[in-house]
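Structures for review follow.
Okay, so chain A shows up in both of these, paired with chain B first and chain C after.
Moving on, here comes the complex of A and B:
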């Protein structure tokens, strides 16, 4: 673990995604799961990708390390990961990428661990591929890593099968497997969805501390804005395969420009609001990916919709008034005057 | 001390039931007796005793004698050698080839999978008995030919089972996780996937042995297995049934009982194991 704490120059980019589109060939036609997404994040930062189910979050981040089955898949655009052009990599080179650069944590710790392998063997496998240590050394390293991820009695738990561990412990083991390879990029695909709330916080704290310790770049997929607010430096909001808002977490969540982001924020329950306050929800559901609306994809559900939204598709616009990057895809962004209301309600949200 | 408690707590007791152990005992006993037959104090299966034909069971010949005065008991024991050999060896070969191909095909997919799957479907569409008859007609009907041809029939069936199980396991997240770790394909196939489908292999292996014994019996009944006078359960049934069923049904009865009991035991073991493996899978 220690030997990987590489010197990170603050201005270098970890990941540059340029005009990335991912489509699947299906019987009903071409399904565009990710549509012309572009963004850049610096090294050592934490990016949160949020959006509803089916918005393309998972497809996007699996594409980042080419983990999707290649048949019937069409990737356009480019992904630059620490100077490696991921879209151009061949199968053999991919293995090198996995070995040296990227790692992933899956949503469900139940299915992401091999049920017939002891915990220690699963972690040792990861170590074996990345370091050249002797068997006995590796044994100790496994225990160390288990201790690092906060597993009680690591000596005993190392000899357990996954079904003998609790959900939180399993997720910790998953994290242990992922960080054992000391990756520079860690993708966490909804790592806390299958866990209960108290464990969620612990796992997030663990991820955050490991990210700081190893200076990893972390990409966190979530549909929980609270989680994103807690851990992320940057946030990317996705809707129906499009990136609709991107920027620093504080900017995006405090002053959402895109009505969709605001709507998502309004859906969050708040303890400080009166009991009589009804929880908001976004009416209707995501458009069918095979018959997307002509204009803005959120238009049919947007409360701020105007005639232009239905006809024309908005491009991602950078907010020039600020020094920080804050991009949004909306013709009629919620102006700061309007969003003052949103701002006060957002501070409430942060307390939860 | 703590270690003891946790390890013991997690070791759930396997309850397979008395009937399972009875079946296992029977199978093990039949295999042992078949292997050790030449060293056991048995009469030669082809030795004719100077007694009346169709001698009823008595103390010196507990299963009685057949039309030529041969001891039925030792004929049944020696007959089991052929049946068990064909059953077990053909399925072992089938599992080795079919299982390996199934795993590779299911895991790698693409054109290889399409090709092998089509090939398997073509072989399955042969009428089994007619295929066996053709093979035996072309080649000599020796033990090896019978075993290999039954193995050949079993390959596509086992291939399909293992292939679909491999595909199911391949789609699990932990295989993706192993890929992201940078594990080699070989390792993923044999260390990650194989232990997960081993139980299924054992279950279908047991079932397959039962079917293979029946298949050999059928061939032998048609006179196409090992040639007489070497006894096999099938040709003993044929001998008894074709000529002397009305005079003495015991000649047919003994080997029939052995075939039925053995096949039922294999099927029951398979079913019980399936239940056991599934219930322990559910716990995970």
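Moving on, here comes the complex of A and C:
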């Protein structure tokens, strides 16, 4: 801990990711699940990561805290988390990071919680590592945390096994495990996907209130833009391993530049503008990670595609016209000014 | 509870089938069972008394109940060759077999657990590959190959332990351990190979599961994840395997007893087969079947204690 704690300095930024690439060595060859991703978020903010399934959200999140087994993994670039250089941490320092700085919540609490271990032991495990307290004190702390995450009858539920709880309660238990160590960063990877819609909202509200209460930085992965709009300050849109749009939630969701973000929005009936056609999902699927398009990865599905998109890969660029950072990776962004260009390009494409 | 009752009723059915098998076996013995039981020295008077006592002139169902009553009160009859009571013969030899089986299994687990944990924590590294090859080797060599090699090295060349013979633990514990060392090791090697490979692959798979990754994200070390999170789950398959292994194990123990000339149940039954001592064969085999069935039932019931999910379902 000595080393990592010394590295923590007062800093406005919670997380700075620079040129981060993550590749798996697989039987079919190298699979680049995350490709040159860079972004920065301030302390205490909520970042939403969106994108279709397989776009690299989970890999990115887990890499941020080096949780993936690294025997077949190659990480390039840098991750600065509260001044800690995460990519350089050794095993022991990494454990200190988990104990004191960062926690994660998985999608499915049924598989993430140990089926043969009582709830109280699974929570106490995080507590014990974080603080040194007496047994009876720890018992009380477990009950307090269960109460904090909204579990009814915490005394009884503490003695239950995960399968004896409902889906929503199980997710609350996982949240309890994660916040037991009072983390400054909490990563929630699709925390509500495995739950009923009615319970989803409750869990999100819980996460939001805990984030405010503990002044945590929260990273929330979701493929539901409504959820992101509801609690996130920033949005990162991922497509086929690339970060394709990043900015303040209001900027990105109200004025998406990247056609992919717009297409995602169009899939959301509640958020999309009344005039836009309502798609259930974007036609066609993401490219095979082993044979990615040469140019823009979204080109095969993009309705704004032009010939340049097919040969050249767009870099993430910042919109200099605004005070807020709003970044996008697109040659022909959907902006009010250039919307005409976009329209003509579409007809161009139909001719060719 | 329902689960335990179900398992116990299966056990009762198995024991019933075994007893029928034993009863029929006794009646397949050539000649008058009374003569077979009393042996060649029997006087006609004794034969007549026993014939009535056994109820050989009664209906088969009545005879079966008499047989059951006799069997469960330990009246297995008398050995044809020596005239000794079968009960006495079994009482003299079962401790030795039990010692061999329990000793070898404890030994097998003691070696298998640390090795497989180490191998699973660093899979496909040198230690893992080395121990896989070794245990596969042990698995492939049958006891009658391993035993002479061990005897040659440890008894003949080094002279640390005797090549054969047996002194009971009540006479001399030190000598008893020496006598049992080689037989136990021989029997343990095969079990060790099975247990370590099962446990290793089980742990490797469990460590890939979400809950292990989540435990890692709490800051728990890999060894602690293995012992606190994975062990109880992997013990389920280990218990299953040891249950399935039990009949192989008994056969193995019998062979090893014969090789090391230990006066156990194996030697008893092999000698009985040689001298066509049917009542000994019958009693030992029915008892072995019942012991195997009982152990497997205990294994099934222990599941409920190891896995809380099963406890709820039933």
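The rule is simple: the second predicted complex is superposed on the first by the 314 of 352 C-alpha atoms of A that agree within 3 Å, B and C clash if a C-alpha of one lies under 4 Å from a C-alpha of the other, contacts with A are read in each partner's own complex, and residues count from 1 in each chain.
Simple rule for what comes next: a residue touches a chain if its C-beta (ideal position, glycine included) is under 8 Å from a C-beta of that chain, and two chains touch if they have at least 3 such contacts.
Owing to the predicted nature of the structure, the values given are computational and were not obtained by experimental measurement.
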- So, after the overlay on chain A, do chain B and chain C clash or fit? They clash
- Which superposed partner A:95 touches (first chain B, second chain C, both, neither): both
- Task: Please indicate which partner A:153 is in contact with in the superposed arrangement: first for chain B, second for chain C, both, or neither.
- Result: first
- Query: Now for A:235: first (chain B), second (chain C), both, or neither, which partner does it touch?
  - Reply: neither
- Task: Examine A:67 and indicate which partner it touches, taking first as chain B and second as chain C; both and neither are also allowed.
- Result: both
- Task: Considering only touches as defined above, state whether A:115 meets chain B (first), chain C (second), both or neither.
- Result: both
- Task: Answer with first, second, both or neither: which of chain B and chain C does A:47 touch in the superposed model?
- Result: neither
- Query: Any idea whether chain B or chain C touches more of chain A?
  - Reply: B
- Message: Looking at A:186, would you say it contacts chain B, chain C, both, or neither? Reply first, second, both or neither.
- Response: neither
- If the two structures are placed on top of each other, which part of chain C overlaps chain B: 25-33, 169-177 or 223-231? 223-231
- Item | Interface residues of chain A shared between complexes with chain B and chain C | 65, 67, 95-96, 98-99, 102-104, 106, 108, 111-117, 125-126, 129, 161, 163-164, 174, 177-178, 181
- Item | Parts of chain B lying in touch with chain A, wherever the complex brings them together | 2-3, 6-7, 10, 109-110, 172-174, 176-184, 187, 191-192, 195-196, 281, 283-284
- Item | Touching residues on chain A, where the partner in the complex is chain B | 65, 67, 71, 95-96, 98-100, 102-104, 106-108, 110-117, 125-126, 129-130, 153, 155-156, 159-164, 174, 177-178, 181
- Can you list the chain A residues touching chain C in their complex? 65, 67, 69, 95-99, 102-104, 106, 108, 111-117, 125-126, 129, 161, 163-164, 174, 177-178, 181
- Query: Which chain C residues qualify as touching chain A in the complex?
  - Reply: 208-211, 213-221, 228-229, 232-233, 306-309, 312
